[in-house]
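Two complexes are shown next, each including chain A; its partner changes from chain B in the first to chain C in the second.
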Partner chain A sequence: MVDYLMPSLGADMKDGRVVEWHVHPGHTVHRGDVVGVVDTEKGAIEIEIWEDGVVREILVEPGRKVLVGEPLFRYQREAEAPVEPVARAEAPPVVPPAPAERREPAPPTPPPLAAAVPAPAESVRASPAARQRARELGIDLTAVQGSGPEGAVVVEDVLRHAEGVGKRVPGKLPPTTAAEGMRAAIAAAMSRSKREIPHYYLGTTVSLQKATDWLAALNRARTPDTRVLPVALTLKAVALAAREFPEMNGHWIDGAFRHSERVHAGLAISLRTGGLIAPAIHDADQKTLDALTTSVTDLVQRARSGRLRSSEITDATLTVSSLGDRGVDRLYGVIYPPQVALVGVGRPAHRPWVVEGALVVHPVIEITLSGDHRASDGHRGALFLERIGDLLQRPEEL
Partner chain B sequence: MNGAATATAMRTMTYREAVREAIRDALTRDERVFLMGEDVGHYGGCFAVTKGLLEEFGEERIRDTPLSESAFVGAGIGAAMAGMRPIVEIMTVNFSLLALDQIVNNAATILHMSGGQFNVPLVIRMTTGGGKQLAAQHSHSLEGWYAHIPGIKILTPATLEDARGMLWTALQDPDPVLIFENTLLYNMEGELPDDADAVDIDKARVRREGEHVSLITYGGSLFKTLEAARVLAEEGVEAEVVDLRTLRPLDNATILASVSRTRRAVVVDEGWRSGSISAEISARIMENAFWNLDAPVERVCSAEVPMPYARHLEQAALPQVDTIVAAARRTLGRAGGPDVDER
Partner chain C sequence: MSASTEVAVRTKLLEMLRRIAPEIDPATLDPRESLRAQADLDSVSIMELVVAIHRELGIDVPETDYRELDTLDGAVRYLAARLPWG
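Our next item is the complex of A and B:
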């Protein structure tokens, strides 16, 4: 028997509330199945199982909040003898050698991220009261200077830090709204990024004339609901380029870069309630433009209704932030740790453009790269950006 | 020692006189009350607590006993079961071990063993604690041991008010109550109102309010702890001093409320550290207030040796103002000096 533990859906997640179960004791589950929904600061997340097996016992009733790493339910692996002693699996459970059968659609590999990245607070010496308070206020304890016994962070340090960074410090347990929780999660992740990641920034201007012409021709024959979105082109171009520039695609974990063979593009989505989330489109380099369009539409809708899956939250290997028709000409993004690159796509605009010595007007976009200088250098970053630009000149190959 | 009413006249007296007045009051109010123990009559008590009571109340009610703790505690249990309200005095807690069988196997259990037919409304008073160079057979603090036993109540009056007021309430209790009087307190002088009367025996009291650290103590250590709080205040540390008053049942609510507010606790207990009442209190804080703590719970206890006779060694073995101050400083992350006790 194996305990399925509350997964860490991001390095800053401390706990989650079980919203509902999609399984019950006796229920047969397959790798990739959604087994339930957990409410986190990032919204409701559908959690998946990574092994085939049979659910034996639900340990946490819906409505209860549990810490990351605590058992949620118990299941029996498919190959497991019925009386094997209870083992504890890591959260999320490690996949044993893949079972023969693969179901469609192919589920993503388990996120190595959550288990591999130590939660920042774990290594910090902090009192229980300080941890409680920091959790309430959404403060990353690694950023707090301790003054307690043996340099431990105590409540007063947390409060002082909170005032320093302009956080509202309510007198008693504050009723935090979902939006406030997300704000706190973003604050923690972005603070960590700017604290740990030495960013470098590059930008280039790319003509979209060929891409928009090609897309217009493609979409002309289609009904509105089947048209390919422009963002699908940039996503695909970035994903293909990332395959050729491995130092842009992966994670910086424990002082070393870990390249990812697969390209899971995180798409930054702003939420109407405020806040931002960047769920992953798995294997974006392998998907057709139609499939990417479907993925984008589906992701945006589910992100805004707060129904993302755990693998989508944790799997992204680099992020694309596209402002679309709104916004500004260019953006300089903050890398989402532990990723090492963020590609920013500005608003398309018509600009003077020189083609074969003649001045013409083209739709152009500015593409920027925020790179982690620990993992890559500016020269490679420049070639990466250039490659994205080149790919966008041959849309038919995307 | 807070006066009940400001208009009441106050009298200066010692802790010893407060205990004597409590016994006299009980003997006067209830004819079922009588006192027995070694040298309580003609000699006036080993610590002179009962001086003059024999002359006042006579041999029927102030009874000298042989040096036989098991016998006279057993007699007290029998008298209580038969309807009397005996006060049994045992000279020191060390000698009470000779009556441990009567206390633990009889007094604490008879209500249960008789299926609820017999209560044992017995009060046993005894001295406890070191500091008077009475050496290892007269100086220990074993009240924490007794606090382990269900079926009895353990009181540790530290103030004149409690020395005067706890006895009567204990006599009203249908079950056995043990009262531990710290030897060092008998000569302590203080003021008590003329109309001082019975007090509750189930609540701890905050003797000094403070926001930075809770110093939790009882009995003879209370005044050392209050002095430590005064020293800490000079450094800008406001310590809250909680007087437990009763070790069984412990007043969880008062302890936890204080610790949850200050987020730091030092338990001062004249008993030995291992398996002590301080260990129990620390455990309860962990169980119930863990998420409110800013520092590990500190304990200041007696050194784990038989109490030495030599004065400098005895003083070094007991909790002292400076060791309490140092422990409080450690909870605040200030240099407090090493903890001399073995962990």
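Our next item is the complex of A and C:
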């Protein structure tokens, strides 16, 4: 039997509150399954299991706050499961199989332990702010009709429901503690970054003429739901370049750089309720532009409705911060520890550009690199940025 | 096109915007100011809006016309003139 512990979803996370369970005793789980939702300073995060097995006992009921590293539930690994007929937490981890010739009746199966714990809450889509508000008002989210994306419950729904059932809603809303928690998480991570990481900064201006022409031609023939987003091109270019510059892709842990073979691009997403989060797009270098567009859209929607997965929160190997059509020409990012690089992409703008001695107007972007000087040097950083710029000149190969 | 068509398109647009950005308050939107700025819409949100317009109003807004959707008033005029049943 194995205890599943409250995961650390960020270097500075101390505890988390169990929001709901998606599993119950007797439930068979597979590697990568979402087993429940934990509320953290970064909002509600879906936590995943990394082995096949069977859940045996839920140790923490929804609503309780638990420190990182404390057991949340108990499960049996796949390999152990077939030999243990009894599902009791106090049973020895593995019961040796009965010899084949003994033909005793199988021990009676005890009543399922499910009775001991509340039935797993229906999976409710809700924004972190809505969860917070519902908790403050003592409202069961499963009873609230959602009006957000895909029926997600938003704050307004909670307030409307509260009024409907006669709950007193204070006239003046208290400061949303969810937003404060997010602020505190960003403050802790960024302070640590600036305290520990010797940043260096580089920037270059890249013409997007070829990329925009190519993308416009591609999208012209497509319906809106299948069009490729421009950010997919920059993400792919950064991910491909990161493969060639291993010192940009990985983590600085315990005084040494650990390179990652896989490229998980963290995409900085600003939340309209305040704060930002940079969940990972796994294996961004292997994905087509269509797949990247789908990933970006899915990730942005889930980040905003509070449905990110624990692996997405912790896995990124470098971050891309893209301002899109709004904002400023260039940004100098703060590296998200323990990562060692952040690529900033400014707002595209039309600027004078020289092509073969002639002055023309091109759409251009400024790409910057914030690099960790412990893991890499400016010379390599410059080559890395140059490579990203080169890749964007051959969009058809992305 | 009739005034009632514009009203219907405006109602529909606001409904879509509320789904895409539940945090925005339609009552505080200035219909002549940039929607993107007021509702903090990024490229993903704009794509969601264009997909919703295609699905629910039957209008395929080409990328070159995305700027027509910049203000609520502009978007209503643009879409009302292109309604397949308008």
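Here are some notes:
The rule is short, and it goes like this: the second predicted complex is superposed on the first by the 302 of 398 C-alpha atoms of A that agree within 3 Å, B and C clash if a C-alpha of one lies under 4 Å from a C-alpha of the other, contacts with A are read in each partner's own complex, and residues count from 1 in each chain.
By definition in this document, a residue touches a chain if its C-beta (ideal position, glycine included) is under 8 Å from a C-beta of that chain, and two chains touch if they have at least 3 such contacts.
What you see is a predicted model; the values in this text were computed from it and never measured.
After overlaying the two complexes on the shared chain, residue contacts for A:E397 are found with neither chain B nor chain C. By the touch criterion stated above, A:D225 is placed in contact with chain C alone, chain B being left untouched.
In the superposition on chain A, contact of A:D325 is made with chain C only, not with chain B. With both complexes superposed, C is the one of chain B and chain C in contact with more chain A residues. Looking at the shared chain after the overlay, A:G148 reaches both chain B and chain C. Contacts of A:S127 after superposition: both chain B and chain C are touched. Residues 127, 147-149, 152, 154-156 of chain A touch chain B in one complex and chain C in the other. On chain A, the positions that touch chain C within their shared complex are 127, 147-149, 152, 154-156, 216, 219-220, 223-225, 227, 229-231, 270, 272-273, 296-297, 300-301, 324-326. Interface of chain A with chain B (complex): residues 127-132, 146-152, 154-156. Against chain A, in their complex, chain B makes its touches with residues 263, 290-296, 330-333. The touching residues of chain C, counted against chain A in their complex, run 18-24, 36-37, 40, 42-45, 47-48, 50-51, 53-55, 60-64.
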